[in-house]
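Each of the next two complexes has chain A plus one other chain: chain B in the first, chain C in the second.
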Partner chain A sequence: MSDATIIILLSMITTGLMLGMIFSLVAVGVTIIYGSIWMPNAANGQFFLLAALLLWSASVSWGLHPALAALIIIGLSVPFSYALEILLIRRFYDVPNRNISYFVLSLGITQILAGIFSITYGIWSDQFQLPPLVGGLTMLGPFPMVNNRLAAMLIAALLLVALFTLLRYHRYGRALRAVFQNREAAALRGVDVRAVYRMSFVLGNAVVFAGGVLFACAYSFDFSIAWTMAITAFAIMIIGGPGSVLGALVIGMVFGLTQAAVSIFASPTIAAFSYLGAMLVILLFRPSGLFAR
Partner chain B sequence: MNVLTSRWLPHAIFAFAAFAMPLVFSGNRYFAFIVGITLLSVLWATGMNLLYGYTGLMPLMFAGIAGISAYVTIGLSAAGWSFWLAMLVGSIAASLVGIVLGLPSLRLRGFYFTLCSLVIQSVITLAFVYFVNLTNGDVGISHIPLPELPGGGQLTGTSYELVLAALTVIGVVVLTLLVESGFGHRLIAIREDDGLAETLGINVTRQRLAAFFIASLFASIGGALYAPYVGFVSPRSFDVLVSLNIWLMVAFGGRGTIWGPVVGAVILAPLPFLLQDYYMIKDVVYGLLIIGVIVLLPAGIVGGWKRKAAAGEPAPDVAQKTAPAR
Partner chain C sequence: MKRQSRILATGFALALVLSTTALAQEPVKIGFVTELTEPWSFFGTSCVAGLKLAELQINPAGKRKIEFITIDNQTRPDQALAASRNLDVQSKVIALSGPTSSDTALAMNGYAEQNKVPFVVPVAAFPQLTKPGTRYTFRIEPDAAGWGYAIAQFVAKQKPSAKVAVIYSDFALMRAIVAGLKYQASKAGLKIEPEILFPQGTSDATVQAAQVRAANPDYVVVIGAGGFDSTLTNQLLDIGIRTDQIIHPFGITTQVKNWGKRSVGSYYGTFFDANLDKLTAEGKQFVDQFRAQNDRPPSYIENYCFVTAHIIREVIDKNPGAGDDREKFRDAVSALKTKETTSGIPITFDKNGARKEYMYFMQIQDVQAKDYKSKQVFYIEWDPEVIPVYDLIK
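So, the complex of A and B:
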């Protein structure tokens, strides 16, 4: 193989890994919320975009360091989620068939946020680019790698590991899985179901925000990312199995690598078609997903 | 006869209003156009009501079906067919597609069906954008010729609105007859508990697919007439937001009642025109409306009123106990 081919291959793999980790993060956020509350949060794409846009404002307009701004924004997602939970989410905890109500509710939130973005950020620009988190290049043997993306990738990987550990081994993670499998039984065993619900709504959104912030650090973005991300995260959740964190991780990485490969050889439209197709097939023939528990 | 008059009285009032409004506004094209679009929305909302209100499925690909019909009708008219024949073929073709798109409802219900229909709607929209030589892609098709009349001349202006009024009235009457027939009762039985309905000897598959065919017919007749009426279509004319708006009319008015969706459409369809000066906040208003309906009016305006009138009767959303897929 010539050097050029290897460079293309390497960049494909790194892009794929980077995208995969961001997809995984967002999908884990979505699946945590669905797994506990049964809320299919279609607004996850707008939350993702919200985080990215806030980071852009903070670092470009107000001159904060992106790393500091990112932490603040992820922190801000907590009161934001709490407010939403108190205002809207909490009302439906005991409604039968609530996932469809939640779905429509989140479509309403999507509309509101999209409307707000187009009258605020929409006037300024349609393409947003952040200053790099860290400058410079690292040479991987003869191949140059942008430090900024390496850093984002490293943070994403650490976050994923931390999340996975939390959900696997921590008390909260066990409670979450118990609630997902059988709410009544979990309540009987002394799990505070409502606290788990609230916690997972906050945690899930924080993870989605983290995904948005990392994406904004690594790539330039526009409004269309919200819709793409919403569909992708849903597709990953459905294929991996709703509520399955492992499924979201694995399928997220698969999607990221596929996206990177497909966008070199074909158009992104084809990639979108293939996600939707895969999701349809899974929905019809194995609605509990590939990694169902 | 007395019973009959009282039963059909609302229909008579609605028909009178539907035919009178275009005549009242015949002097002002702008208001007449709003009336026309509202009538089309009533037709669409009535069709979606059959699926969402009476069959218990939320079909987000409704606008996509209307779009298929619109594009087929435009294509056939451009190929030299008579508009009315093209509309007939386009509507039936789109409704057959509607049956196919309804097939997932046999395996999925509740949120999973809705998600599936959302995916289908996205695929349809992508296809409208992708097949440029049939749909002219994102640019859209403009200058769509008006339907020709048998005696020569074109269907235009007030007469177009009167045709829309006639079809809308027929649509509402057809839905009433269907709902009161055995077919309607079987659909409601399926909505409440499809397993039990099956046990009672109802062919769930056939009833569901029939519901999809009829509802798609509403969608596609509306779609075929929408295109020449507005004179312009693009993939955005039939995207998921349009489906969602029609859904909102049904839910806002009250699903599972004949008049709820009519009221919902009459209130919501003129809204974008009235909000034209506040174009920027239109999305926000729609989002707030959606959330308001879900939180405050789960049974809709008419549904909530009916529930108050007949206290003790459970709300349709509470009674709907179709088990989620997991």
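So, the complex of A and C:
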């Protein structure tokens, strides 16, 4: 195999893994919220962008190291989500068919955040780039892998493993899964359903924030990323099965790898539409998603 | 009866004189519809920052005041259209101006042509804005297909028969640049390979950067949109493309700062830059004032909006009546022969309102947190129809 072929192959794999893990993180965040409180959070893309922009401010304008800034931003998502939950989200917990109300509510949040970004960050720059988490290159054979992306990829992988472990083995994870499956039965078994709702909203948004800061560490970005990520997260959730964390994890990775592979064997344009085409085909045969309960 | 008539006639004449004097003192109103919010807000607010500096200069005592009525179009063609209609019908502006996006400019262009409102476009490069038959639209920025023409000429001068990779985002502006580049490349003996198009919203180009490297080109023309432009550039450099192989068709301040120190040695095209070899005294003053107010040097966007205000001042000063009559204003702009106050580059318009075009190519020398240094390495002027621009881009 020639060096050029190895370089292209390794670039495809690393790109697929990087994108796949970020897609998975965001889709898991969206799924946790949807599965517990039935909120199709259309504002997930703006939350993702908010995290990336705050990280840019903290590291570029205030001079904090991106790693420290990233921890602070993810931490800030907790009071941010709590405030939203107290002010808006909990008011709909007892509303029948609340998913429609939530969807409209999240569209409103999207508009407000987009407006705030355009009159603040939009005046400062049209694009945003952070200093690297770590510098240098690591040679994987003839392929030069940037250490910064390698670090972002490793952190994303660790986060996904931690998230999966939390949801699978921790008491909160079991309670959350019980609420996912049948909230009345969970309540009868002593699960504080409202507390699970609250925790889910906070955790889901923290995961979306984590996706945003990791993306900002690995790539330059602009406002358009909010829309791209919102659509992608919904597509992953629908294919994986709404409310299925495993589905979001697996399909997110498949999306990333498929995009990288199709972009090389066909074209980047076809790659961008390939997952939406796949979504339509899968929904024809499995309308409730591949990993639906 | 006779006496009464005389008094009436005198009164009427007096009223006429007074009303004419009042009219002469009324400011000339220009509708400035630009992108102050939503995705293009950076460009619109940068443009207004340039305009504000010009407003400090163009209204000295004794001259008829020119008033710019600035309205946000929210980066939306429908809003740009609605604002144009409002400015035309309600505010009765003498001319429209302001957009920094081809999409909003096209919406205003349709309105201006249909309703015979002069329209001076500071920053919008889509060629069809000045398609044959255009009468009321005048564009200050060269058209995007022409930029491609200029890139091909620059590369051919650097290395005849060079192999050029083109890697670009799927936006009308980028497609127009590539169309012009490909057209002129075939005439100049350049080989375009590979040509890679990215859909809007792409985040990663590692795989395509590897494909470019495998093709071993002499130059890589990089035309990414927004944040993707820096990602694309970095990923090409990561994979081993040298900085002096990279050509960006355009470079505004934020782009150059984001490309950063690691892009020292790469090239970018522009129409104005703080580092140009020959800035006029006014140009140097403009750069200094802009830097003092905005903590960064201006780029061609701010310059074109600054220049637009000066063009309108010149039109009003040299053509009595142009401030009150749209046809006279239109004819005055059409016949204008002037120079950019900041760089001395000539400004004339052809029969379609397209400008005699030009482009600089700069090579980055150093990038600091708030500033950068670059060196002018190439300059070219051309007639807008030196290539079949309106056939290349429909």
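What we mean here is this: the second predicted complex is superposed on the first by the 268 of 293 C-alpha atoms of A that agree within 3 Å, B and C clash if a C-alpha of one lies under 4 Å from a C-alpha of the other, contacts with A are read in each partner's own complex, and residues count from 1 in each chain.
Heads up, the rule we're going with is that a residue touches a chain if its C-beta (ideal position, glycine included) is under 8 Å from a C-beta of that chain, and two chains touch if they have at least 3 such contacts.
All values derive from a computational prediction rather than experimental measurement.
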_For A:287 in the superposed arrangement: first (chain B), second (chain C), both or neither?_
first
*With the two structures laid over each other on chain A, which partner does A:115 touch: chain B (first), chain C (second), both, or neither?*
both
*Which holds for A:79: it touches chain B only (first), chain C only (second), both, or neither?*
neither
*Please work out whether A:11 is in contact with chain B alone, chain C alone, both, or neither, and reply first, second, both or neither.*
second
*Which partner does A:105 reach: the first (chain B), the second (chain C), both, or neither?*
first
*For A:136, is the partner it touches chain B (first), chain C (second), both, or none of the two (neither)?*
neither
*Would you sort A:146 into first (chain B), second (chain C), both or neither based on which partner it touches?*
second
*Of the partners chain B and chain C, which touch A:276 in the superposed model: first, second, both, neither?*
first
*Could you give the residue numbers on chain A that contact chain B in one complex and chain C in the other?*
114-115, 118-119, 269, 272-273
*asked:* Under the definition above, what is the set of chain B residues touching chain A in their complex?
replied: 58, 104, 107-108, 110-112, 114-116, 119-120, 122-123, 126, 129-130, 244, 247, 251, 280-291, 294-295, 298, 317-318, 320-322, 324-326
*Over in the complex, which chain A residues touch chain B? Could you list them?*
40, 88, 91, 96-97, 99-101, 103-105, 107-116, 118-119, 231, 234, 238, 242, 269, 272-273, 276-277, 279-280, 283-284, 287-288
*Hey, which residues of chain C end up touching chain A in the complex?*
36-39, 41-43, 45, 170, 196-211, 213-214, 225-231, 234, 238-240, 252, 254-255, 258, 260
*Sort out for me which residues of chain A touch chain C in the complex.*
4, 7-8, 11-12, 14-15, 18-19, 114-115, 118-119, 122-129, 137, 143-144, 146, 215, 219-225, 227-228, 260, 263-264, 267-269, 272-273
